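After this come two complexes, each holding chain A, first together with chain B and then together with chain C.
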Partner chain A sequence: MLAISAGGGLVWAVWAIAAFACLASSVAVVSFANPFYSALALIGNLGSLAVMYLLVSAEFVAAAQVLVYAGAVMVMFLFVIAYVGPRREAPWAGGPSWQTLGAVLAAGALLVEIVVAIGLSAGGRLSRSEHVNATFGSPEWIGRLFLTDHLLAFEITSIVLLVAAVGGVILGSHTRRQDSGAAPQDAEPRRERDLEAVR
Partner chain B sequence: MTEPWWISLLKAFLIVNLLLGLFAYLTLVERKVMGRMQLRYGPNRAGKFGLLQPIADLVKLVRKEAFAPSGAIDIPYIVAPIISAFTAIAAFSVIPWGPGWTVNGWRIDGEVANVSIGLLLVFALGSLGIYGFIVGGWASESKFSILGTMRTCAQLVSYEVSLALSVLGVVLLGRSLNLPEIVHRQGELLPFVAPQFVGMLVFFIAGIAETSRAPFDLPEAEQELVAGYHTEYSGMRWGLFQMAEYINMITLSGLMVTLFFAGWHGPWNLGPIWFLLKMAAVLFAFIWLRTTLPRLRYDQLMRFGWKVLLPVATINAVVTAALVVAFG
Partner chain C sequence: MLGPGVVWYLGVAAFLFGIGALGVLVRRNPLIVLLSLEIMLNGANLALIVFSRHVRGGAGQIFALSVMAVAASEVCVGLGLVVALHRRRLALDVDRLSELRG
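After this line comes the complex of A and B, so read on.
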């Protein structure tokens, strides 16, 4: 709502900047050699997508995008990369190869497909602005949709997440048992033994 | 009636500067209060009662050489503190500090930006602020920095979950994510600290951990890590990290006052004065805890976060939801 009432020129300017940032950062994600920079570019990409959501009055989706993806998920990516990834590599190392050519062709085909699909289904509606009512994109509205129209997808997603969480716990506890045997009970005597040795 | 754009601009300018002033004098208040609690004077040389100490500190920091380790990676190293400071300052913009006024027919809102999802915005900016710490520690090319980064990362991610869950009860009672609306509803009903006392406690504890304050200051445990992620920073770059930390603390106190203590509401319609007084009380509690409690061990921190705080926050949210459905 904010963006729509703020006047056309500003909306266009913000849209152009966000769209350019979105494209540039997504190119950067796949072309950087150092994964740390790729992850940073992905954060930029998610952030500029959030700005695009803001422009179509989807404030809640924009905030959720930043909070969940740009915030929580990407922190984990960076966490792992900072631990094990290469550090000193330059952000850009690599030229055109057959992979690049294939990627460009596939991306072009996808773009044509999207343009054709949207053009066919939207008809003449793209050229004029749509009236958006006040509840559109509000948390209440999205919550209601989740619990009525999209209930099945919502519940299935929650089960997938639950399975992932259980899997994570199993993997974690399994490796720990293998590594140090009965560590919790053993820790105290071992520390005493170490102290003895020091003395 | 909406606010004219130039009032918004002036207000934003004013609030940013007030916030920076508040940060500067919070450091002085902290040192003074800690000094008194530890039976010493605290800073008392620069100006009367040491009142010029923050300015002396600022001059020192600005004039200091901003060196970087030879192995540091230039651009991320320089940008990191800027990200942290920016997100910290931006998050304060949605905190309402007054009811809003009409002066000479001009509308003045009681917050810099009235956003329909203000609460989410604070959390979103907070989660982006972590990147400053990660990138800064990673780019410093130092073992202490990277270890500090890892600790910061794990701690902030762990406690962010409890922090977000603890405000769910307030959102259910306030029926909005819009902070001014939540304050209004508390003015009509009662401060949410009464029905949401558990939520308030979880929010406060998780908030201390989110701002890396004692007893949760493991990311910069001096004895183990020198200074954590900002070990290799000096001068005003270090100052920006410090600024981010203190402004996060101010924002968190403001958010706590907004969500649980009815914001600017109070007897005699004092508006912003009530907001400031309540915020000062919460900030004092932050400082008090720092002088009182010893630092947790790392495994204690993780166990407490995941096995105590998170279940309590979850049960609080579920029980509140059930009660709201039953009686609301």
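After this line comes the complex of A and C, so read on.
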């Protein structure tokens, strides 16, 4: 009994640290002026979320979170931020102040709505303590689910990724193709004309 | 379930979603708007995984993995747009990119 309560205390402590890191880093993402620091803070956010996934025994999702999000996606973000170059922006300025005020009010209303909806509809039934067997959340269990019950979601995911990759290639090659249509010595003035037209 | 109950995790998820929504609405740099969008998606993911643990079913975790794939696709297209904007030397400011406004 003592071991169980000590384990519960340890889980509480780990949860509290992870939750604090998660909320603090998400506030940091929104409030940093430099997008580079925001991306670094989001990596911390994703890591602390992976710790919380481990606490609810979702091992495979935690591993995928670290590999896919904190690894691949954030590296791509950092590459693009480095490519675009450091552009600083005052976090809360810009636009009329009623716009910022309205945004803060809308986000607060969304938060209150979520809390009230979940609390009213399910608050009484969410406090039960339940145990799961050892295979819950393991890669084998996830793989079996993906290839039996959720095969359609698996296949549609592959199509979504393929379409996104094609879209990324088209977006990346658009300006180059437009330039190669013109004669080489004409390319630069034409781009300038385009820019003037856009402006 | 040792430690905190489902409600605590859901509180964290709701705060993540709210902070992400605030970032999407307030910030003007499209890169930070994309990062805030990731925070919103992660808040929803946390809620899905905690509910999956609560009902001891697998659908929530499958849904969370699908959300991760969709987020990766969204980042791919969004960063492609940012790079295209940068190549055309347009301002990286979502308030000034209003040519499509009706």
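The criterion applied here is as follows: the second predicted complex is superposed on the first by the 118 of 199 C-alpha atoms of A that agree within 3 Å, B and C clash if a C-alpha of one lies under 4 Å from a C-alpha of the other, contacts with A are read in each partner's own complex, and residues count from 1 in each chain.
Convention: contacts are C-beta pairs under 8 Å (C-beta built on N, C-alpha and C of every residue); 3 or more make two chains touch, one makes a residue touch a chain.
Bear in mind that the values here come from a model prediction, so they are computed numbers and not experimental data.
Once the two structures are superposed, chain B and chain C can be ranked by residues of chain A touched, with C on top. Contact with chain B, but none with chain C, is seen for A:Ile43 once the two complexes are overlaid on the shared chain. By the document's definition of touching, both partners, chain B and chain C, reach A:Phe60. In the superposed pair of complexes, A:Ala19 makes contact with chain C only, with no contact to chain B.
When the shared chain is aligned, chain B comes close enough to touch A:Ala70, but chain C does not.
Of the two partner chains, chain B is the only one touched by A:Ser138; chain C is not. Contacts of A:Ala82 after superposition: chain B is touched, whereas chain C is not reached. Contact with chain C, but none with chain B, is seen for A:Val11 once the two complexes are overlaid on the shared chain.
In the superposed pair of complexes, A:Gly172 makes contact with chain C only, with no contact to chain B. On chain A, the surface patch touched by chain B in one complex and by chain C in the other comprises residues 60, 64, 72, 76, 83, 87.
By the touch criterion given at the top, residues 4, 7-8, 11-12, 14-15, 19, 22-23, 26-27, 29-30, 32, 35, 38-39, 42, 45-46, 49, 52-53, 55-58, 60-61, 64-65, 68-69, 72-73, 76-77, 80-81, 83-84, 87, 89, 91-92, 94-95, 100, 103-104, 106-108, 110-111, 114-115, 118-119, 123, 126-127, 129-132, 136-137, 141-142, 145-146, 149-150, 153, 157, 160-161, 163-165, 167-168, 170-172, 174-175, 194-195, 198 of chain A touch chain C in their complex. In the complex of the two chains, the chain B residues touching chain A come out as 73, 76, 115-117, 120-121, 123-124, 127-128, 130-131, 134-135, 137-138, 141, 146, 149-150, 153-154, 156-157, 160, 177. Touching chain A in their complex are the following residues of chain C: 1-12, 14-23, 25-29, 31-32, 34-36, 38-39, 42, 45-46, 49-50, 52-54, 56, 58-59, 61-66, 68-77, 79-84, 86-90, 92-93, 95, 99.
Residues 36, 40, 43, 47, 59-60, 63-64, 66-67, 70-72, 75-76, 78-79, 82-83, 87-88, 138-139 of chain A are the ones that touch chain B when the two sit in their complex.
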